[in-house]
Amino acid sequence: MRKQIVAFGEVMMRLQVPGYELLTQANTLQYSFSGTGVNVASAMTKLGHDGYLVTRLPDNPLGDAAISSLQRLGISRNFITRGGKYLGMYFLENGFGQRTSRVTYSNRLESSFNTASLSDYDIEVIAENTDIIHFCGITLAMADNVRESMKVLAKKVKEKGGIVCFDCNYRPSLWEGGYNKAKSHYEEMLAMSDIVMMNEKDAIYILGMEAVSTSREEQLRELIPKVAKTFNIHSIAGTHRSINSDNTHSLRGYMYKDQTFYFSENNSFSVYDRIGAGDAYTSGILHGELAGFLPEKTVRFAAAAGMLACTIVGDTPMSTENEILSAMAGEMEDIKR
Amino acid sequence: MRKQIVAFGEVMMRLQVPGYELLTQANTLQYSFSGTGVNVASAMTKLGHDGYLVTRLPDNPLGDAAISSLQRLGISRNFITRGGKYLGMYFLENGFGQRTSRVTYSNRLESSFNTASLSDYDIEVIAENTDIIHFCGITLAMADNVRESMKVLAKKVKEKGGIVCFDCNYRPSLWEGGYNKAKSHYEEMLAMSDIVMMNEKDAIYILGMEAVSTSREEQLRELIPKVAKTFNIHSIAGTHRSINSDNTHSLRGYMYKDQTFYFSENNSFSVYDRIGAGDAYTSGILHGELAGFLPEKTVRFAAAAGMLACTIVGDTPMSTENEILSAMAGEMEDIKR
Amino acid sequence: MRKQIVAFGEVMMRLQVPGYELLTQANTLQYSFSGTGVNVASAMTKLGHDGYLVTRLPDNPLGDAAISSLQRLGISRNFITRGGKYLGMYFLENGFGQRTSRVTYSNRLESSFNTASLSDYDIEVIAENTDIIHFCGITLAMADNVRESMKVLAKKVKEKGGIVCFDCNYRPSLWEGGYNKAKSHYEEMLAMSDIVMMNEKDAIYILGMEAVSTSREEQLRELIPKVAKTFNIHSIAGTHRSINSDNTHSLRGYMYKDQTFYFSENNSFSVYDRIGAGDAYTSGILHGELAGFLPEKTVRFAAAAGMLACTIVGDTPMSTENEILSAMAGEMEDIKR
Amino acid sequence: MRKQIVAFGEVMMRLQVPGYELLTQANTLQYSFSGTGVNVASAMTKLGHDGYLVTRLPDNPLGDAAISSLQRLGISRNFITRGGKYLGMYFLENGFGQRTSRVTYSNRLESSFNTASLSDYDIEVIAENTDIIHFCGITLAMADNVRESMKVLAKKVKEKGGIVCFDCNYRPSLWEGGYNKAKSHYEEMLAMSDIVMMNEKDAIYILGMEAVSTSREEQLRELIPKVAKTFNIHSIAGTHRSINSDNTHSLRGYMYKDQTFYFSENNSFSVYDRIGAGDAYTSGILHGELAGFLPEKTVRFAAAAGMLACTIVGDTPMSTENEILSAMAGEMEDIKR
Amino acid sequence: MRKQIVAFGEVMMRLQVPGYELLTQANTLQYSFSGTGVNVASAMTKLGHDGYLVTRLPDNPLGDAAISSLQRLGISRNFITRGGKYLGMYFLENGFGQRTSRVTYSNRLESSFNTASLSDYDIEVIAENTDIIHFCGITLAMADNVRESMKVLAKKVKEKGGIVCFDCNYRPSLWEGGYNKAKSHYEEMLAMSDIVMMNEKDAIYILGMEAVSTSREEQLRELIPKVAKTFNIHSIAGTHRSINSDNTHSLRGYMYKDQTFYFSENNSFSVYDRIGAGDAYTSGILHGELAGFLPEKTVRFAAAAGMLACTIVGDTPMSTENEILSAMAGEMEDIKR
Amino acid sequence: MRKQIVAFGEVMMRLQVPGYELLTQANTLQYSFSGTGVNVASAMTKLGHDGYLVTRLPDNPLGDAAISSLQRLGISRNFITRGGKYLGMYFLENGFGQRTSRVTYSNRLESSFNTASLSDYDIEVIAENTDIIHFCGITLAMADNVRESMKVLAKKVKEKGGIVCFDCNYRPSLWEGGYNKAKSHYEEMLAMSDIVMMNEKDAIYILGMEAVSTSREEQLRELIPKVAKTFNIHSIAGTHRSINSDNTHSLRGYMYKDQTFYFSENNSFSVYDRIGAGDAYTSGILHGELAGFLPEKTVRFAAAAGMLACTIVGDTPMSTENEILSAMAGEMEDIKR
């Protein structure tokens, strides 16, 4: 049952001010290494699979530290290439209450990953050994060489019988040409994908679809089946999230599969670190599909995984299947001894 | 009015991951030394009494550190014996929101305390100098040698006119034979006790009593008087606790004395560290009894002590009588200058 | 538009136990340097002005550290005098939930500031270069030499055309003679002031005024116009604050100007560190007046500044105009990238 | 050239007081996971090989943390078994100058590793995939079940053509029966070994050999050839170490191979953390042999590896081949940019 | 053999910048509580005696923290009085190499101890229960009320048969009138003392004696016998210390007793924290005298205690008799397991 | 006597692993902001002058933090421009003994400073207000736009009567074209300079001069007068540094002025953090020249400043004139109280 889960993506160094100070107040940072691919690959190892990352890291102490960190998370170093000179970084200042968290990026366009080309990766070997491969829309925004590697890798994995998962995740600040420039690249990826993470907003903004209905759920029910049909996608899943006035968050997951929608409850919960919750949700969907859960269980499992990820320090989900099942069952123990 | 309060029990080293990281994520631990006996003896020093602990600690740097720590809490080293080789330990990972706190134990059965025998303690001297002695059901679970020391010490103190307090605290994982094995030991201790900490669940599960009623309060009112009568116990006290959906906790204390039940309000409050709250409640009851509070005041005082213990870092209660009375009065100042 | 904002006041060393431990539990302290004058001068630099502090600091490593810290906050060292021997200090233990925060002071009466006399400051130069000068009632409580410097400085600034702002802030423990002793000093300051921070309680207790009405708002509406008229004050502003049962705080700001009252909404919000919120409110009022905001905007801006200051580590406000305007608009982003 | 290096041994949790405080003074600990096997397997990954550990860890958060830590060091989790209940631990208090470092152990005899039996390991699979396997005399001291696993594993690897490396490391406090009890077990291991780490003291004390000569080097030259001959050992290597009066350490390495002795210089150097230096030396010998270095280079390489390990935080060596070669060449750069 | 050792003296809060930063660079402090009396009383508990401190502490959280800290060191709270308002403090910035450590004091003259009068102490009870009482010349510098308490206490203890120990320690900055003012007070204390800590410089500067010889040792041999005779002192002891060019320190102890001089070797050693080394030396002398060591052993024991104190974090010595004997024997183990 | 000292240069964020761990071992970093210009401007403020930095910083939280940090060091923000997107960074891993410190850079070529052009700075205003301006050869290596700003600024300051100081500091890795490309730029700067920091190696490698003599001192005496003459430089100064086998460093300073060489002693000393020692030396020369010290005093003052900078945490010198004079006098106090 242990599957080979491969993610393609950039490793970012996260440099976080501890506690609630600002960068102008503090003098220490906590660092870790993450990214959507890291999060998904690592989360899948916690769920019992073997996680791999296809990426490029500089051959210097920062690259060494990144690899040590990925290995600590259980990710294999086997598909990681060394080369280039820099590592993308982001600084995180935690918000509190009405004060929003802030992220400041270094110049990630010059990172080893974003300057790597197709020939830096051993595509054939990777494709031979992949059960599921995961891609993210943020990676798609980077550069032509990155997009080329991404598409070729998706194509090869599909040819070899692997499952392609694509998370539409769109970050406006990264696309100079905006939705117009992004659209065709997204469509290319969708056409090769078996499992897609998105919601109605992605359909409207990225794919330029129009909705008759107005509520989010109605728009979802209207547009997602069209996307699935157009691109011949096996399963589409995603979440609706909101921040409540008492600083708790709410999350409701959905999955569309075999022409049917499945929804989780709309859970409300306290949040310690919300970065990476979407990746935990994705991992829950992938694991549910691999494990043969019923769709209604898969979507609830994924939602619980997303909720637990918000209670974990750092970007990267750390919960096991048992822990997620227990949270899904709503069990709230005092202390687990 | 200053009384000699003696507790018999194991000192555990608590090794806590700071903040909200898991053991797999962090690389530092905060350590302290605690245990039910430590907590009660220390809490009583804060309430103006002299606290002693009857225990055995290894004659090595860990044992030295434990003694320094107990002294810092105000506990006298006079009844502490050195010998044996190990100290019991537990690792604590703090939960957050829907993620439960986790405790992982080292092998405490080989600890200096759990391998000590009666002759390791100077029972006569201890019994001569005790106003109240406190025992805990967790200690009762350990080993025959420990049980023997416990019972002989209880008997001696009672003979010398001291008050015996027994906290029924039952931890299932520690009793290989389960309730069946535990029952007679509990009965023996109850028969020697003047003040007992328990609630209706202890009566049902440990003592095997049956209740006609179904709500927790009705069962309490039905069973506790029977227990008091059967074992000729002067005062029985305890709490009902629950975790609310907003992560606050609720605590309602009761005391049964002179054939009457007394209840505190059902307080709800934010919790920083809930370990040791029960011991704070016990200390509140003991102090109320020693200080001659009216029972209705004693139970409210104990409930406030338990609540404040949940706002204190670490297992061990730190509040003074004035602080507890102020919390009991519901005063909520902005900042105390 | 950049104005010269000068504050006269003592610099205190704040020594805070990290997290939620007590002084009896911890072994480290975080230190910073603050005070009402520091807070206002620094907050105004964040709002785009030049901040100065008129104070005296010892010529030793503690004084050096204080100056470094003030400079870090953007405050100029140009009006700071060196001399005397000591620095006032306070120790802060953070409360949690029902447990109140505690402040313990060192002997601040012997501080360099409180032993300085008029001749220690270059009053003429300061007065020449001041657009607004800020004074605080806490300073007024200190000693005759301090009061003399304060009054002479206020007078000189007024003569040179600067605006005098006085915050009535009264701390009972600092006035040996109580309100009787304080009254005339307050009246003297009010008579020289253009902008005053106070509310109805100050009018009743310090100025000895009597109110017919009973609710706080009615008393405010009854008394503040009288104060404004008596002392010929251009603008009077202040807040009503309360602590809610869920540990959030509520704050409603008001400003009385041109015979009209303006009120902000009564905001409720989570609080990280409430010390300094009043100074943030003051700064909001001063900036609104300098920037020519409409009074209804000024009071809402000041209330939002006060709210944000409660989400910031330390005494000293750190928010920019944009951040305050955004909070005022009630925008609550997920993460700001 | 990348070889499969397997070590058999216990993982210990190292709990170190930061800086130079004693356990009675501090309240935090830094933790890591180490052991001779861990150190050798990890050091070999830094030298370009694949490192594996054959061990058993408890299936609880401590075991999870140990695995994460091993993975961070580059060690594969593939030969690690889960089971048993406890993890061996040791507490380390750093000495300073004339004050010696102190180590306090928990009860490691009940650890998952020391209670594991042969059937807990998949001996056949391990033996098939091993180029070099490393054993340590400390493991030999533990228990009959451990000794059985150790010997069977050595035998199987040898049968499959792997190289057996045995480090004689003898810790007196662990052998209840002393040298008498240990001797036959050591002889059994030596008879199966190709590469052995020892010096003349091991020959005298463990093997009961007698030396005519008196200086350490003469004894080495007298006894080691006899050991090699008796047990038919391909290479024997080891070190002579001493502490100098200025707190620097000196280390001289030797290797005996093909009836010839090779010695490194006697290096003197500052020491940050000397635990693990012997394992670094072992790794240097193994790598030199695998890489086909001349013996005179191998022994100098190993000595430089041992020296560098003393400049590294923690038990586990972290240096690459290039770093060791550079230190071996005596290059001392100012800062490496 | 366990004796009651009482010290009279002020408790100071030590606020130390961690590592080697200056107060202008750092933002955290480590705090502890010390003072000559604290150091001697605590050191004697480590040597197997019961340590008491006669002092006064404020009844606030700082005073509570001081008491917790003293208890942690093993000192009894029984002779500690609460009252007054402040605690003396000093800030410590660690030097490095050619950069000297710096100490900055708060205003200790207003501390609870320095404002206490004779009636604040229960002199009779203390005198009844004292085997040795320790006084320090620094205390003598403080104020008339302090000097009165000191002299009366010395007199009472002497009357009850206790031994009076006086450490001449003179700090120039504390005596406004200089040696002239100090002389008579020192003479009064010397006349009541049995054991005195001093060297030839104290004789020359404080007592105004003149020496014919020029080298330190000759002056010592010339003057100390005169002091002993004049004031009828049983034993006089002290040290000669120097800082070597390689940052090591050298210390040579002496004791004059029964008209004979005894000297230790002149030890050189690395220093972690030199504050408190003199108090460790004093404790070594006191313990040697109590334990009936030969004088030549006592002086070597005290010198080793002083040396070890320099390897310990903080002001307060932590070494046991065994540890000191081992250091005295010059044993230098690698690691103590 | 207070002069306006201006430095032109990049602000780098220094991200340092605390203690002696590697980036692969740690998870926290200490950050500060430095650079040659920062160091010189800050050091001059400690020596009693007003320090300014001409630089460009991004208008984001990292830029804000840099400004706060510069202000903390006493540097005025008045000549700092905001714009561009990134801040140069470097990661520092501390070496220990034989293990060298390592520096890893981010891509500084895209920093706000290195992408700024002449029009980003208000050259006229700066030139009007400058007594001394400092430039560094590292800046010269960056980009054409930077070089243009640098040269124009030097020219303007010289025109307005300011003194131009140029530090030849050459970093090979930053010059793609090597010495050939650098030479003409250096010559242009030298021709505008009044005070130059360099030694004989710079003359040989950068300026392509040839030396007849072979020892460093002889080469210095041969070449530096030629440089001074060729470029009409008022004073040239520099250092010879070496690392000794016991890890101490040695530094000997020289200054050539009025056709005469002046040398300091060759000091040996322990080093805590050697980065920035050269900038401290430069500041010592500048201050000596401004203060009218005799040249022989100036060079000894500068050497002492360089030595003290090696005992200070971080890149930036922190010593005052008095502290440097005291170190220069070789005074070594025990503790400064």
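So that you can tell them apart, the chains are marked A, B, C, D, E and F in the order they are listed, and the count of residues begins at 1 in each.
The rule we apply is simple: a contact is a pair of C-beta atoms (placed from the backbone, for glycine too) under 8 Å apart; a residue touches a chain by one contact, two chains touch by 3 or more.
Treat the numbers as computed from the prediction; the structure is a model and nothing was measured.
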Smallest number of contact steps required from subunit C to reach subunit E: 1
For subunit C placed onto subunit D, the superposition rotation in degrees, Cα atoms, nearest 5: 180
Centroid spacing, where centroids are CA-atom means, of subunit B and subunit F in whole angstrom: 63
Approximate Å spacing (C-alpha centroids) for the pair subunit A, subunit F: 45
Averaged-CA centre spacing for the pair subunit E and subunit B, given as whole angstrom: 41
Two or more partner chains touched - positions in subunit B: 22, 24-25, 27, 68, 72, 102, 246
In the complex with subunit B, residue positions of subunit D that touch it: 15, 18, 22-25, 27-32, 60-62, 64-65, 68, 85-86, 89, 91, 93, 102, 104, 106-107, 110
In the complex with subunit A, residue positions of subunit B that touch it: 19-22, 24-25, 95-103, 105, 171, 173, 243, 246-247, 274-275
Residues on subunit C engaged by subunit F in the complex (per definition of touch): 68-69, 71-74, 77
List of subunit A residues in touch with subunit B within their complex: 72, 246, 269-272, 307-308, 310-314, 318, 323, 327, 332-337
